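The following pair of complexes shares a single chain, chain A, combined with chain B in the former and chain C in the latter.
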Partner chain A sequence: MNILWQLLQTVPSTMLLWAAAQVLGLVLAIPVAAARMSRERTLRWIALLWIEVTRGIPTLVLLFIVYFGLSINDFRPPAMTAAILALGLSSSGYLAESIRAGFEAVPRQQTEAAMALSLPLATRLGRVLLPQALPIISEGVVSYAIHLFKETALASLIGVIEVMAVANYLVERGVNGPTVFLFTGAIYLVGCLLLAWLAHLIGDSGSRKRGKTQRGATIAAVKKVEVA
Partner chain B sequence: MKTSADSAHGRNEAMAIRVQHMTKSYGNAEVLRGIDLEVRTGEVISIIGPSGSGKSTLIRCLNLLETPSGGTVEVLGSLLFDRDRIAVGKNELRDFRSRAGMVFQSFNLFPNLTALENVSLGQIHTLGRGRAEADARSAELLARVGLAERMDHRPAELSGGQQQRVAIARALAMDPEVMLFDEPTSAIDPELRVEVLQVMKQLADDGMTMIVVTHELRFAERISDRVVFVADGCIVESGTPAELFGGAKSERLRQFLAAVEETEL
Partner chain C sequence: MQLIIDLLPGLGLTFLLWAGICMIGFPLGLLFGYALAFGHAILRIPVLAIVNIARGFPGLVVLYFVYSGLPDVGVYFSNTTSVVVAFSFVAAGYTAGIFRAAILGVPKQQLEAASVLGLTYWKTQRLVVIPQAFKAVLPPLIGFSVVVLQATSLSYAVGLREMTGLAYNLGSITFEALPYMLTTGAIYLVVCIAISQIAAWVQRRSSRTRRRATPKSPPAPTGTSVLRAVPGAGS
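Up next is the complex of A and B:
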């Protein structure tokens, strides 16, 4: 019980890393997605490069690049900051693609209808496209958020004191390995289940508001896009 | 006293649409090969023809949802397209589009908004009307198309015929000077088409300038001042409904009418 307690004490730090990286990822992903869908070729190209690089480099490698890259002479960046930065960066590519998939799932005719009414860009995005893209964007964001929650464990390798770091510490101190890691795994599992359950609750109330048929149709459309 | 310049100007103003030698190609595929079309204010024109003949492309070029490849397009006094380029700025184009209502084959209502919100959105954000004023106007228009009871329903809860009537109300809410209909009944159950056609008939009787791309030949015959037959990207024949349906001059139109008649048996 003592083991579990010691592990649980660092859950807030895992949560902080997870939430901050997720927010940073989203903040970066929005302009990247906008650039990816831009009419400007150069912008599209830069966005594509960003997406491929951040998705193509393993998160662990990215973590080391950021941590050691920021270490100049004797200076070491705070491990937590470096971890948030690295995880945020690696999220941004995936999240940008989720945002793009959401917007591309909205039928082109919706844009045409908005143009025929001369709706200003802000209205077209805010009242027409975004509300229809959001269910699909949130699916991508939620599934990545769950993935990211597990990836926070990597941060122990640069010395962030979170759940995985404590688990390693306990094992080094001679506590039975399988027991410690079973508990550790259970903590991550419960966290993921809670996240999925929360997302389900939010999504459910959202789709009731929007009407189920539309949501089903849009998701079917996105599946088609993904297959193609 | 009217000078000749005045009367020429007057004629110009009475012309809602003037298209000259308009072409449209997608890569090597020539969809429109030199369209000439003039529509006077208050006129109702039906465009008929086989699928893939370029009818929809033609009407979509009239508010630049498609950019023509050549020719000139002048609508409501604005020269929209001149030879090889769009001749209006962004703001002018926006202003123009708000004066030309468009009704699509697949309705294209905003699924996240109710019928009333669909009709009000453009009034509020494009025309700058207050919400109360816009909603009052929307309610009036929805009542006019027979949907007073369905204002708070979302598109998914409405039949095709009802959705298309909302779409017509949405276009009318912008107080357009011309209405473009792109196969407005093609995606609707035959039984429900009549409710849309009735609304359009009423609109025509009220003097709206209308261009209607349609497969409903009887309807075209009833409401149109002029019918235009398009095949293979060209206007093959045009004239009054009696002229076209009574005695087609071209072999192509005779074929088309015979084929349609056969399917209607």
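Up next is the complex of A and C:
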């Protein structure tokens, strides 16, 4: 039990790394996705290059590139900062692709209809396209978030003190290896299951709300017809 | 250029590891997929647990478990073997889902037709199910092999000198860590894009053959003549 306690103490550090990288990834992914769907050919090419590079380089190599790239002369960046940057970068490509997939799944006619109604761009994106794209986007984001939670284990290799690093430390100190690594794996597994369960809950309540408003709108429409 | 030449031996080992993992992991995934699709509960539940562990544990944890955990219970693997064993296990877990979907994706009528023709279970699988499932499974499997290729970079953690490990070593000897890592990243990028292009090509090809096969499938000329004989159906 003592082993489990020692491992659990560093879970906040893993969570911080995970959350910060996910947020950074999303912040980077939004402009990349916008550029990928842009009408400008150069912008599209730049976005495509970004996506291919961040997805094609293994996360560990990206981690080293960021870590060594930020090391100038004797300066070494804090391992946590480098890890957040690298994991955020590697997320941005995947997340940009899921955002694009979400928007592309919305039928073209919706854009055309919004344009025919001469809705301003912000309304067209925010009130027409985004609500329809969101279920698909969030599906992609959640499955990547689960993947990213496991990827954070790589940060131990550049010296971030998180669950994986403590596990290695314990095994080097002579604690029984299989037990430690099974506990470590179980922590990640439970984390992934929790994330999936939370996403399911949020998704469910979201769709219920949507269903309700749709029904509400239909009822209102029917009433209007009856009054007329 | 010198950087690339320095890294080539590492790329060789990366490819060897990749081939080993795919050759052991994918067939194992097929077995798991069968167990998930048709297995009795006694078989299916343990396989489901194994698959969930393979997918829920980070690859690094599985690798360390095999390399520095198992020796405590008297099982010793060299670092090369550890990488192949650990990632074959992970790959089997991930591909089990792909195979399961492909096996269940074969239309039920085909199985019924096979049993009407008196084919045995194994003959049905070998001659009817697997050839069709194979076609469906090929593009996602090639796609997943890119993930496997990228995962071999974790072998650095157990001191193996595949491309990432070699780049790290050369970098710390020459104090030129960043150029070596950037070159490594570029090589991975080129290889991964090449594999994805192959996957896209296979996908295009298989969808084209499927489309071409459909008009061919009502083959018998007698069939058409019967159709023509019906008034109003022809010309």
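The rule is short, and it goes like this: the second predicted complex is superposed on the first by the 211 of 228 C-alpha atoms of A that agree within 3 Å, B and C clash if a C-alpha of one lies under 4 Å from a C-alpha of the other, contacts with A are read in each partner's own complex, and residues count from 1 in each chain.
Assume a residue touches a chain if its C-beta (ideal position, glycine included) is under 8 Å from a C-beta of that chain, and two chains touch if they have at least 3 such contacts.
Keep in mind the model is a prediction, meaning the values are calculated, not measured.
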| item | value |
| --- | --- |
| Touching partner for A:177 - first (chain B), second (chain C), both, neither | second |
| More chain A residues in contact [chain B versus chain C] | C |
| Partner chain in contact with A:69 - chain B first, chain C second, else both or neither | second |
| Contacts of A:131 with chain B and chain C, given as first, second, both or neither | first |
| Contacts of A:168 with chain B and chain C, given as first, second, both or neither | second |
| Chain B versus chain C as contact partner of A:116, first or second or both or neither | first |
| Chain A - residues contacting chain B, complex | 107, 109-110, 112-120, 123, 127-128, 131-132, 210-211, 213-214 |
| Residues on chain B engaged by chain A in the complex (per definition of touch) | 63, 65, 94-95, 97-98, 100-102, 104, 106, 108-113, 121-122, 125-126, 154, 156-157, 170-171, 174 |
| Chain C-facing residues of chain A, complex | 52-53, 55-62, 64-65, 68-69, 71, 150-154, 156-157, 164, 167-168, 171, 176-178, 180-182, 184-185, 188-189, 192-193 |
| Residue ranges of chain C touching chain A (in the complex, touch as defined) | 52-53, 56-62, 64-65, 68-73, 150-151, 153-154, 156-157, 164, 167-168, 171, 177-178, 181-182, 184-185, 188-189, 192-193 |
